[in-house]
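We just call them A, B, C and D in the order they show up, numbering each chain from 1.
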Amino acid sequence: MIRVGIVGATGVVGQQFVVALQNHPWFRIAWLAASERSANQSYGEALRDRKTGAVRWFCAEEPSADILAMPVETTSSFDPDRVDLLFTAIESEQARELEPVFARTTPVISTASAFRYEPDVPLVIPGINSHHLALLRHQQRRRGWRGFIAPNPNCTTVGLAITLRPLHERFGVTGVVMTSLQALSGAGRSPGVIGLDILDNVIPFIPGEEEKVQRETQKILGTLEDDGIRPAPFAVSCTCTRVNVSEGHTEAVFVGLSKPASLDEVRDALESFTGDFADRDLPSAPRRMILVRDDPYRPQPRLDRTVDDGMTTVIGRLRVDGVLPNGVKYVLVSHNTKMGAAKGCVLTAEVMVRDGYLGKPVPAAPGRAPA
Amino acid sequence: MIRVGIVGATGVVGQQFVVALQNHPWFRIAWLAASERSANQSYGEALRDRKTGAVRWFCAEEPSADILAMPVETTSSFDPDRVDLLFTAIESEQARELEPVFARTTPVISTASAFRYEPDVPLVIPGINSHHLALLRHQQRRRGWRGFIAPNPNCTTVGLAITLRPLHERFGVTGVVMTSLQALSGAGRSPGVIGLDILDNVIPFIPGEEEKVQRETQKILGTLEDDGIRPAPFAVSCTCTRVNVSEGHTEAVFVGLSKPASLDEVRDALESFTGDFADRDLPSAPRRMILVRDDPYRPQPRLDRTVDDGMTTVIGRLRVDGVLPNGVKYVLVSHNTKMGAAKGCVLTAEVMVRDGYLGKPVPAAPGRAPA
Amino acid sequence: MIRVGIVGATGVVGQQFVVALQNHPWFRIAWLAASERSANQSYGEALRDRKTGAVRWFCAEEPSADILAMPVETTSSFDPDRVDLLFTAIESEQARELEPVFARTTPVISTASAFRYEPDVPLVIPGINSHHLALLRHQQRRRGWRGFIAPNPNCTTVGLAITLRPLHERFGVTGVVMTSLQALSGAGRSPGVIGLDILDNVIPFIPGEEEKVQRETQKILGTLEDDGIRPAPFAVSCTCTRVNVSEGHTEAVFVGLSKPASLDEVRDALESFTGDFADRDLPSAPRRMILVRDDPYRPQPRLDRTVDDGMTTVIGRLRVDGVLPNGVKYVLVSHNTKMGAAKGCVLTAEVMVRDGYLGKPVPAAPGRAPA
Amino acid sequence: MIRVGIVGATGVVGQQFVVALQNHPWFRIAWLAASERSANQSYGEALRDRKTGAVRWFCAEEPSADILAMPVETTSSFDPDRVDLLFTAIESEQARELEPVFARTTPVISTASAFRYEPDVPLVIPGINSHHLALLRHQQRRRGWRGFIAPNPNCTTVGLAITLRPLHERFGVTGVVMTSLQALSGAGRSPGVIGLDILDNVIPFIPGEEEKVQRETQKILGTLEDDGIRPAPFAVSCTCTRVNVSEGHTEAVFVGLSKPASLDEVRDALESFTGDFADRDLPSAPRRMILVRDDPYRPQPRLDRTVDDGMTTVIGRLRVDGVLPNGVKYVLVSHNTKMGAAKGCVLTAEVMVRDGYLGKPVPAAPGRAPA
């Protein structure tokens, strides 16, 4: 088994990592790190609110008794001999400081945006641009690290980039207009979105989100070069809003294409897309990268966010758009805290194992240092 | 006072007409018509649910005691000598049958879509294209009516067309991409949207809505000709969704322009737009047709739908769009059951009075037959 | 396997029966009946909305391909040789007519209230008063039926009666005051609760509900006599409200007891209560009838409705009440469409099999006629 | 005009004081105090979020330009010569420290719970127990203050105590069982209730709330004695829950009475209750203290919280309760941030003016020092 650590283990995303990893066939949770306040307690104790005694656990799936009994440590107790891989679920500022320290010795898969835009850092959605992981070798050489930093993209980027990939490949994308209706869970719990603000309401602004989506989509669908990624040559324009939905981002997408394509051809491109691990048997991979629905009332976040445990992007309402050149439009739902966050990172780790960036557990002996 | 009738007076939109008219300085409610089931009762009685005794009144403003005591009649009791103007709040199929009968003698302002797309029927948003009312003369001649049919546009079209008008006038619009987040009240109550379907959810489809918005926007911003309207020469592409908001449609709009325009120029065009009744003192007109907010978190439907009693379209998040030619983007909130429905129709009626399409009550004697 | 039929199979409760039965180890769905409109189609076709093509499926669990391919028939095609047991999910008026016809030959477990209050009809919550099933013999003799009618209680009664049972048994209950905060799913979808009515709101009235809870609780906890049930000798007073929750009824309960009891004793009575099938291995039985939580913020419907797939009643906030004699108070959450409806009925059927009211499938040969 | 200061002016309750006072005929806002962070700015500037520039204003009514231009000071700049009365909207701990300092010279009406339970402190709901204000004289003598501290009750207590008062007076109350369904605004915004926690949910616990309601109700309906209040001799037992409603607490109340009373008599007692300022013309007083509705679906918080600008308690569903002695039950809706908070305090201040506890502005000269 590959020994993994979770940094920021008591927060919402940290908890999602626990859920995605606790019964994993290849990975074993070996280290839980959190802030001073949580340290020197068991994980179960650290989840308790001091004032009220309430357990602050936010996932539908329960943590196992083993995990609850594990000690929580501070990041200063980090020991590279005890873990083969780190998942980080911390704020961007903290990530900027801590992740390079970890990466000297240890691979880091990060949910923070701190390093997403650096030239030697790939921004990988598993199944979409796994080959960008090759940039990690350049990163290691350039920075003199034995480990590396591999961030995941913003949760709103994920569903968009997944659905654009087959369209770009088959027809060429020339421009993208997108409006998102994002779930509350994307804002976290510190305090995230206040109930009074979102009841009977829409909040039309999420700071920094639109810029992230625009930039990240171009990087993810860009071309791998020796020392970086050449961004995909199409513009992306978004309006990101928050709606009163717990989980599952909905996005209304309008895409211009390089050449005329019938809706049947577009649909075929989307449905037949298998991702770049099609023939591989990864534990967290969805059966289908993209599911296209015919029911005009779908996708709906409450009904479609759970397809393949939130790892499938569900599309519906595929139609012609009359404004963009050779335009098509559709609606997608993507689970922002599954494929869009912790479980997506775990799937990336699985791709890394298969592609030799991490110790191969099957069938070879586990725990090998990253190549 | 001009004597008005409300057809479909007990329904949601009919109630909104009662609210918009009951204290009106120019109009007096003289006739309430509804289905057989409600007829031969007072309005107050007709609002009661037979089974439960509950009053089915859906507006925030209460109906006056006078209105509650008025008799409700069926449409078969229609007498052109008793009313000078009709507001209709009925289904499209019924409108197709009844409105031409009424229009033989009496002006009809309709909330139904039945006649919106006929060549001799103007589709007017007061303040935006009031001059299209001139087409009513052609309609009267062509159909041999003393009255006319003047429908209002779909509630989702209204906010969009209002904001596009100054942009089209100043810079020329070349294309529009719009995603709406529409309120529940737009779906009515028969049964409208079921609570179970919209809780923690988005519904990405509203039958017929997108086609209406696309077609109506072009007609409203089109050019008046002798016998019809030449549609505005730009395409409109929409995705219309339903969100868990009671009142107030939110729209994320992306607009391509004919020539480069700075955000300051665009903002100035929007803010300085006074509508075509700028210098007129109409009772239901908003102080401002368009209000532009600087706060990036605005407009929000719950906070902005009530500006000027729902008659102002509120814009925010004005930004450059990088996909459409000379593109700009913004978010708007428009009150779908005020400017977007009954009270918008009443404002249209006020414009008609001022422009001589209806008996002038001030200062001339009221009750004059429509010209 | 025991062959079961579902009457009203396309409705919400019918769908819940499909989910509860489709992988059942003892029961096999052999007949699906619905209204004329659905008949002569496959179940999959019958679920489609004719106008929109949308599939009207409301459960989180998907129906199997086998079920989707089954034909839907009308109730007039009922053939007692094809089914050993019927589950009915129809309106009360229809139940009053149809169920006696079925019961001449076939056992009927009903979700309708039509027969709940008849003296020779037991009102059983499995685990709570299964011994009341003995009244079915009297019913059969009296009515000359080979089958019987066994209705389930109202969904709001279920959680209350389950938690009162161990208190009544151990301490004696003298009076109960209860306020419910009920979920939308209890109101069904025809149209159930309209979104506009419940958003940012509470509806303080559910017709008939309070009377049902009061009467049914006394019957369920009453004493079995030869020809009926003597009601439990304590009063129940309720206020039933609707809140904006999809599934899971929350109830604030205040109970007077016959003798003083410490909170520890009360808690012990609740926690140690195993139900009357404690030592039996029924497929749909929960691991625990009642779960008592310490976290003062629990139970919450969203978090606790799914414990043991909605078959466990979750209690929290156990405290002393100072108004009722020897009073205690607590909050419970009960899944209104699992234990409170279809799956509760399936558990009743399992109890019937074990107790000899229905053909025993294990280990004896399946399909035996009801005793 | 009486010069008033608002302490905690930038918070939610402080904003509600601004709304309740800015157009008041007797009171003039003369001093705005807030934390160091807000000081030395105009009120308008202090409302802006530093990071986002968004205006943090939470009331439906807008602040006037005059108020927005007023300077915000810290409490250390307090000068008794500049204000005749203080309204405080601060946390309980801060109130415990600051309010006695203010009260040495100046009357203080407080929304904090810090002093509510002290023997020489009256707990007044205007219209219900205004005569308890006489205790302020004892408080002043005992503490050697020229001013005083008069706290308002908890918002959940207010509607309950208002409706119990006429019942206690006419029939005698022997015990009260109450379950509240409380609005989000009661929890404030720091951060109050997180959207993710309340969507599709009920939270069954509000720390300290039940104890407050129980204790305060007894004090408010208690008997004034020379040096304190003898609590009313009946027990109150509550369960307080939070539901997804923005404003307006709903309470399901069960009341035992000392003697039999028909529902007509109970209804008459409630409806005819005019409060103890019936014949007085106070600017913030509601037309009716209590409104009883016949519609069984009322009161609903969204529809009934705004009756008389939130100053009227609306009752419905009046029925017999079979558990408590001579029991009746009903549902009430009370606006928790109007009568239940700032505007209720302003009404208390108006009562104080009329009863001589504060400088009489009409017709006498304003600004008189408190007696």
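Here is the rule we go by: a contact is a pair of C-beta atoms (placed from the backbone, for glycine too) under 8 Å apart; a residue touches a chain by one contact, two chains touch by 3 or more.
All of these numbers come straight from a predicted model, not from anything done at the bench.
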item	value
Interface with more contacting C-beta pairs, comparing B-C to B-D	B-C
Longest centre-to-centre distance from subunit C, chain (CA-based)	B
Inter-centroid spacing, subunit C versus subunit B (mean Cα positions, whole Å)	48
Length of the line joining the C-alpha centres of subunit C and subunit D, rounded to whole Å	43
Length of the line joining the C-alpha centres of subunit B and subunit D, rounded to whole Å	41
Contacts with two or more other chains, residues of subunit C listed in rising order	52, 199-200, 207, 244-246, 296-298
Subunit B residues touching subunit D - in the complex, by the definition given at the top	52-55, 60, 199-200, 294-298, 306
Subunit A-facing residues of subunit D, complex	52, 58, 184-185, 189, 191-200, 207, 244-246
Complex contact set, residues of subunit D against subunit C	175-177, 179, 181, 199-205, 207, 214, 235-237, 239, 241, 243-246, 250, 252, 254, 256, 296-303, 316-317, 321-324, 327, 329, 331
